[in-house]
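As written, the chain order gives the labels A, B and C, with residue 1 at the start of each chain.
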């Protein structure tokens, strides 16, 4: 599994929240940012919107056979034709869309589950806190491929099931980050005083703690895009990814890998798609971090 | 505070990408040296570690190169791709008219790797070891009544009932191999018949002997200078474990490998015209076929199964997917196992009748599942092609790849929960038709995954197994095949051509039935 | 610190126990037949059944689990269904290769990450380009980066080997099992250089991602520290910029970077699987893949336990190092232990 290049947790320092502003002040920060940071964040938004429109842009369908197999890039097929005679350009565009939204699904659920666990752990007594963190450790220590295999075997292979399995190993990172932030926030005077004045449990978490943890989570999430795409590619390489013929970039790159020396465009362009998305995520992640840190 | 603004060098990125593309696009450049050919070492690769190199346990495909390289049986298939059986450690053999008594006359001057003589006592010892170890290949001796050793060079096997495939079992790579009683006894621990020792050593009499067996790294076979059929051409064979086909290809080009197997079709194609390399293909009894589920879904209807056979465009599958490393299937059995006129499994390509039948189905019955084994690139491509073909006639096909072990488990499950179609490429243990049809297609067969049953065909193959007349045997298996074809619970697609890519520095590459990825190590030699 | 280590040891037991339960549950739901996979594809039902009985797969899962725990207490992980060696022996055979690869990748990531972090925090010329190039490679699928490097450094230039761990030369093995270290200890320089050449491509591929992450953390920390009062004071006193960074910045930034590195090493242990496949590296990743493919339950269970232990141990070490590096982290570290 290509988890080795995960950026999870990157750039988040303990106690970071102590200086992080409320989101209200962020628009101001955005204006103060350099042009390129604005471009990066703009790119993140633009790519998302653009990919929504892909079905309208893509010249062919993802599984349409348009020519003889393995034709090199030409004017008619700018990125060539794959082993089944399908247009690589269309598949890469549609694949970027699938992969992009797969990232949102996994990272979103990671934030939801991990965030909940992290907030609860951070605000609870040591016993509960410790138990939750041990549980998190168990999931962190599980070898990813094995878990994915088990989930895929139990539920049957599909992109959704792969994503479920990856989600299961993904949330603990967020749990750790959020918990760390919450701990730091909980020690802050304004939270302390809110607690004193009777705020408890959910309301404390919602009003004072969760918003503060959002910044680091957003940064981590954008840096995670690349890591997640590479993980999906790695799983496909091990034969555990999205089954045919759904266009998912990682699966396309991994399945096309056998043509690396005979028809390089089959694996390289989907990989370039992974690369572009991951790069945009990384750029935006750095920019968001600079923004919230000011 | 001044901050650098990194990450904005889009040009660098573009340049890196171009580099990748350029590097991938051209690889016709000069070889980077690597190890030079001509040092008497044949270098090849496995995709994964083999099961243990113990001939009485080994029962897989990858690894048969080691077994056949270090062990000899009594007989073997001639290396011309035919089912003809010739003597190996036995110079000749005789079969009694009742097909119960097999008399093998052993070759003079054959020795095991410890220098001890191959004699009838060693043969009996080896056959008995197989039964004692009692692992998967032991079934081949299940019908043995007893052994006789009237003299040192005569070994007699007496069966309880005729077994038409018995001589084929003896010739199979999985068949009984002769082991040195002295070596086995010397290395026996707690009565284990030296099973532990033979996980990393050999006790054989073959052209090579295992000198290093390092899991995950390499297996090294050294030449046995006193081999009975003459000194082998290479001094050493090094088999590296290299899981990735692309990495193997690069190393072939770099001179670190001399011969590779199971490369992607496109790679094989690209090597056909390249200077310095040879692409060699051999007939092998290996077939791609569909198991059709008669217990659930639309294919409970025989008419639909038969129409399915006609709806598959095998010509274009063979052309597009295999590009010459397979032939269109014409028989239920792998090509070469039985006379070409028997057990035909031919269809005139015509998707319209399936289309008509599908149109008559409830829309709920039009969804089907197609499974293949994860990891087989060619099966995957055929599955994708079939998915397209079938969706054109109105079926909604979900592809559901499974691991091989999940597929093995299907025979234990309720067939109504299993996929509608299962695509696999498989080979039998030997070149006798019984070794194919009984295991895959007989009711209750060990690898009859979708649990198809054609009782009339079962009766024919059971009859054939114990017949003694060759023509009658062929007729019985021909009938069994015809009945399976008529029932259309299995639809054959193509016969594989076992294809190797080798450097021109290797000559004399030959191959025997029935195992793919296995060349004759005693015949291969450095060129020139 | 003693308490921290004790605390972590306790956690290790809990984590491992939970992992064994998890593995057994996975085995129970996995619709696959380990026995069939062990005796071979075409085996008859009788042979499979006999083997199933002998291997204990007919017992109820709870009984199997009890047996497993009993053996585990004696340090016995069972026998691999496939290699037929004790799993502990197999792991001992495959682990050194992975440890050597992971260590060298971690070392490389640390060096590369530090250089990147310091360089870009100082606003050095070209740091942006360097970071972009590394980020670019870190954003491409590992198997493609690996084969690309093989093409360049093996096929084109002929500098580096394409696969495996060492050339076929006389080896001095032991006591560590790491070929580089053993070569050094025995003064076998051929072995050392061969092992290093084999390590180069896989460890670079593995190090790129973590290097970017570590560099990013380090840069942030450094910039942060540079803005603090005591550093401003030090700078005002006329100390050279570089000295300020080294003396104040790096020491304070080390904590978060270490914590990051710890997490990354944990990930590396999983991430080596793909690289080991592409580069034919005879390590645990290869053993894992082969075991999963063959449903070798005892082997898979053993690997899960060993990798889980490694993860917890590495992170404990990182926590301790962090304490040593920066006592101020004590509060947050013990809290998150």
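Basically, a contact is a pair of C-beta atoms (placed from the backbone, for glycine too) under 8 Å apart; a residue touches a chain by one contact, two chains touch by 3 or more.
Not measured: the values here are computed from a predicted model.
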item	value
Winner on C-beta contact pairs when A-C is weighed against A-B	A-C
Chain centroid nearest the full-protein CA centroid	C
Centroid spacing, where centroids are CA-atom means, of chain B and chain C in whole angstrom	36
Where chain A and chain C are represented by their mean Cα positions, the distance between them in whole Å	22
Whole-Å separation of chain centres (CA-atom averages), chain A against chain B	42
Sites on chain C at which at least two other chains make contact	31-32, 135-136, 140, 143-144, 147, 277, 289
Chain A, residues touching no fewer than two other chains	149, 153, 257, 260, 268, 272, 275, 279, 282, 286
Contacts with 2+ other chains: residues of chain B	3, 5, 7-8, 13, 17, 20, 24, 27, 246, 250, 375, 403, 406
Complex interface listing, chain A residues touching chain C	1-15, 133-135, 137-138, 140-147, 149-150, 153-154, 173, 176, 179-180, 183-184, 223, 226-227, 230, 233-234, 237-238, 250, 253-254, 257, 260, 267-268, 271-272, 274-275, 278-279, 282, 286, 289, 293
Complex contacts: residues of chain A adjacent to chain B	34, 36-37, 63, 65, 69-70, 83-84, 149, 153, 156-157, 239-240, 243-245, 255, 257-264, 268, 272, 275, 279, 282-283, 286, 290
Of all residues in chain C, those that touch chain B in their complex	31-34, 36-37, 39-48, 50-51, 82-85, 90, 93-94, 97, 120-121, 123-124, 127-129, 131-133, 135-137, 140, 143-144, 147-148, 150-152, 154-158, 161-165, 168, 223, 226-227, 277-280, 282-283, 286-287, 289-290, 293-295
Interfacial residue positions of chain B with respect to chain A in the complex	3, 5, 7-8, 13, 17, 20-21, 24-25, 27, 245-246, 249-250, 264, 266-267, 269-270, 320, 374-375, 377, 380-381, 383-385, 387-388, 399-403, 406
Residue ranges of chain B touching chain C (in the complex, touch as defined)	1-9, 12-13, 16-17, 19-20, 23-24, 27, 29, 31-34, 48-49, 51-52, 57-60, 134-139, 195-196, 199, 214-218, 238, 240-244, 246-247, 250-251, 253-254, 256, 375, 403-406, 408-409, 411-413, 428-429, 439, 444, 446-447
